[in-house]
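A, B, C and D are the chain letters, set down in written order, and residue numbers restart from 1 in every chain.
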Amino acid sequence: MTQPCTRQEMMAIATGREIRDGELAIFGVGLSMLAGFFAQAHHAPGVRSMTEGGVYGATPVGGLPWGIECNRISANATSFTSALDALGCLVASGRCDVGIIGAAQVDRFGNVNTTGIWDGPIGETYRPPKTRLAGAGGANDIACGAKRTVIMAAHERKRFAERVDYISSPGYLEGGDARSRHGFVGGGPSAIVTTLGILRPDPETKEFLLDGWYAFSGVEEIRANTGWDLKVAPGAGPIPEPTESELAALRRVDETGALRKG
Amino acid sequence: MTQPCTRQEMMAIATGREIRDGELAIFGVGLSMLAGFFAQAHHAPGVRSMTEGGVYGATPVGGLPWGIECNRISANATSFTSALDALGCLVASGRCDVGIIGAAQVDRFGNVNTTGIWDGPIGETYRPPKTRLAGAGGANDIACGAKRTVIMAAHERKRFAERVDYISSPGYLEGGDARSRHGFVGGGPSAIVTTLGILRPDPETKEFLLDGWYAFSGVEEIRANTGWDLKVAPGAGPIPEPTESELAALRRVDETGALRKG
Amino acid sequence: MAPSKLIPLAEAVRRFTWDGMQYASGAALPIGSDAVAFGRELLRQGRRDLHAVFHCNSQQLNLLAAVGAVTRAECGFSGLEVFGFANGLRRAVESGRLALDDYSNLAMPLRLLGGALNWPFVPATVNVGSDIQDRSAFAPGEHPARAKIPTVTDPFTGRPVGVFSPLKPDIAAIHVTLADPQGNAIMLGTEWSRYELSRAAKRVVLIADAIVDTACMRQFPNLVRIPDIVVEAVVHWPFAAWPQSSPGMYDVDEEHMRLMNKALATEEGTAQYRRDFVDSYDDLDGYLALIGAERRAALAATQTAFLLDPYRRWILPAEDVAALQAAGETA
Amino acid sequence: MAPSKLIPLAEAVRRFTWDGMQYASGAALPIGSDAVAFGRELLRQGRRDLHAVFHCNSQQLNLLAAVGAVTRAECGFSGLEVFGFANGLRRAVESGRLALDDYSNLAMPLRLLGGALNWPFVPATVNVGSDIQDRSAFAPGEHPARAKIPTVTDPFTGRPVGVFSPLKPDIAAIHVTLADPQGNAIMLGTEWSRYELSRAAKRVVLIADAIVDTACMRQFPNLVRIPDIVVEAVVHWPFAAWPQSSPGMYDVDEEHMRLMNKALATEEGTAQYRRDFVDSYDDLDGYLALIGAERRAALAATQTAFLLDPYRRWILPAEDVAALQAAGETA
């Protein structure tokens, strides 16, 4: 009897579905790597993946890598270069098709905060955060340069904010064509995949709208867990449940069960 | 019976004497490499040399290298990197102590032309040269970045011009502190070593003055072979003849006798 | 042959570091190659008021920050990847004791490249338009922070372009897999930004897991991305990145990673960690004993061990290294 | 496992090149690694009006220029090192048939790096203040040439700083020592600017002296500075750099270097050279026969041969390469 699919697993599968075969893709550590390698194991065998450290051609062995230089991802690479190469020559250059990034906070326009939580607006003076987080890492570079990004986040009201405390990685900024002010070569986030569903940007305003929900969630639950007045996109609907082959592929990749603990 | 020292050999020895032990040095191909490795073989065993291709820790084997990727200089290197590394991180950065460059034409202020010979001034329109030469190569980068440069040139009137047809590698430009306009980190040429003697810049005007002559040359011959009114520096005098150990060291380096053909 | 640059770790810290210096390390990932042992020695010698330039935080910066030895830091990433937030660094930032200026993981190597090339600035196509550009912990009163990533006009298109300030740290302690006694180094695994750092820093000290004969470098010159001419000194310190990993050499010590980060979450835990794992050994043998023979064997049984195979025959035995080190110390 | 990208040389030229393209090669030194054989094939297929981006001139550019196939070129160095001036290129420039825009040997990799990073411009601390900045063969009527290396104001110091334009060639034919069928490549000897070029070019074709199994790349991933993801196609062509050298593989062919450059000094000699050494072979076997077995053996007896030793066991036999190539051709 198969263990039932967890919310984290559903999020990983839904994220993996965003990756198309043959794409040049960059995965961060943790959930985003699991989602990416699930896609490769399932429907995108020709995905060309890299880490932001410049590890190419590798697939994780022995479980979820602890980090992007972890020996679990360095054991079978075909090339090791550098951060400047991966994040610069391949991502910030505009060559990378898709990047998956995480978010501690994400807002109406897909801006991501992974830097810190302040109690209210920071104000004019840059004061210490109440809770310091991990910083931008490579996500800012991916958010600026990748043709599209997929944001993964646990769907909680405090994380889905009207406005993030700090923009670590730009989404659509104030919406509309605000990105064009900065000349970003990348297209911005194409989806926010969460533990409850999927949000996608309105083509004009770039406000994120609810596009789909899982079998175990629904519009009301999602709206209740979103810190802005989340609109439902025309054409929104239920997201297909994981197939057996999807779940099997994901669990082969997630051999240490990182996604089944949560 | 030792073969007598040729003019080319004297120039190489005089150039080599400009290199001090322990310095970080960059040598071009041909005569400048012979001069540099002569210095290393003779009085500067701790010279840390590189080529502009990023070949480190190597000494030529089997004769004068045909080029800076020649197997004769690649056979015993401790590191191979790149042009950007050698000419950029180590030379243009200002780290390199001394570079040796050649010149088809050199002028009163140590500006070097290796690009082309025009029949008279080029004029406002950049027209093709009468004789196209080899271009700047790494010499421009060395001339801009090395703490000091040593210029090697056959001493002929047509080569020692009042003003070079084209500045491929900047010396002191129009003299004085003209270099400071461009923010060069390097100090400029400290000597022009020729087949007839050595010229050094006046500390203030940066005009090159005759500083020394060889046993086989003299002030009049040198002035006659210089295209500007060459002044003699206070303190100028004869340059010590090669010692037996210098000549022996040079000939060990120049094992194919490149300098004895000319 | 150039003289050996091998010196003991304590001697390297004595010679090349001082209070208030701009100190770069962690030129690898939060759980990967980093000269963590160098940071422990900095604390043993009481260095303080450091300005840390770490491409990414690592357990080294986490420890230095927890102890209060760092007052300013610049980072692209300040977590510990799957091991979570870096508790020591986090406490220091939240309390206001440490001013942390944020960049991204591309911005940091670009700034180091700019330092390496002695550029006045580095074009920025990332970090612009976010609070990374608008907020500076080094100029907290300015909003937007005008001097952090200012703008120039691209003369080719007339468009505004952000530019980064280059970095030239006073000293870099760089972890490498293999070094020869002259300072030629081979890194296995991603370079991350160790190449750029080795050229940007005013002085470079290598911390190598193993010392090899120079013949190894002559066989693999294309692997020698850090040549001796940019290196001041070489320290031989097996398991120098512990509890982090060194591809080809050893895995991450998951248990100690968690123990360490948990300890650094409090003042008391930090003091205890310092007693147990910083001030508790006298020399390399004592350090290795602290990790323990059994644990070292387990960590060295890494799936990446095959990466080291081509170079094993050139690894110098401990007695040869000791002899060279004695020579280097008096040099 | 990704499918093989091995295709025949003629097919690579047919698929990836066109008249008028911006063509980069010679991403090595005038006498070293360069895809000279690719240039011969360009001529065999009659390509013309090329805009050549060669970090340095090589015998390839010398030949292409001599024949009149190049109308614009950008170079850091246009000679042949100890072999003297490049007679074919020189004739083309002196006659005005070819506009050659001069840069330096650092400027070219910086401009390629700028292209690789998709920068709007690259800071220039060299080439400024010389006629390289003031004269442009692409804008001959402008003196000084304002658009070639224009100036911006450094916002950190207020000083003027020159900036280079980035390069993004349409295609790069890059010579490498070893490639696997997927396009992972190892270069022995200096990279020169092949790394930067492999990221700057819109499309990359590798010309490899030998094909190795991917297991070689997994053993030496730090040597794989060009990973398959930036490569369109792989061509197997032993002695691809001939008469130039390939460290680890073969020495420079001094006699042919001189013969070739002498021939390219005149129209007649160029026509003769083309008949004898460009249009005279039907395939790789014919090309190798042209060099001659004895000469190939002599050139392969290089003092650098030991550099290849660690990788020899993975070199694929000719029949395996042929089979993979047949598969790649129909892919």
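Throughout what follows, a residue touches a chain if its C-beta (ideal position, glycine included) is under 8 Å from a C-beta of that chain, and two chains touch if they have at least 3 such contacts.
Every value quoted in this text rests on a predicted model; they were computed, and no experiment measured them.
Between the contact lists of chain A and chain C, the overlap consists of D. Should one ask which of B-C and B-D has more C-beta pairs in contact, the pair is B-D.
Look at where the CA atoms of chain A average out and do the same for chain D: the two points lie 40 Å apart. For the pair chain B and chain D, the distance between C-alpha centroids works out to 28 Å.
Rounded to a whole number, the gap between the C-alpha centres of chain A and chain B is 56 angstrom.
For chain A, the set of residues that touch two or more other chains comprises 80-81, 88, 92, 145, 185. Residue positions of chain C touching 2 or more other chains, listed in rising order: 117-118, 125, 159, 161, 188-189, 191, 221-222, 307. If each chain is drawn as a node and touching chains are joined, the picture fits none of the line, ring, star or complete shapes.
Each chain pair that touches appears in this list: A-C, A-D, B-C, B-D, C-D. Chain D makes touch with chain C in their complex at residues 114, 117-123, 125, 147, 150-157, 159, 161, 163, 165, 186-189, 191, 219-223, 306-307, 309-310.
Here chain A touches chain C in the complex through residues 29-30, 51-55, 61-62, 64-72, 74-75, 80-84, 87-88, 91-92, 115-116, 122, 124-141, 144-145, 166-170, 173, 179, 181-185, going by the rule given at the top. Residues of chain C that touch chain B in their complex: 2, 116-118, 180, 182, 184, 199, 214, 217-218, 221-222, 224-230. Listing the residues of chain B that touch chain C in their complex gives 24, 46, 48, 50, 56-57, 76-81, 85, 88-90, 92-94, 145, 185.
Residue ranges on chain D touching chain B, taken from their complex, read 28-33, 55-57, 75-83, 85-86, 89-90, 93-96, 100, 102-110, 113, 125-132, 135-137, 140-141, 143, 145, 159-161, 188-193, 195-196, 245, 247, 251-252, 254, 257, 302-304, 307.
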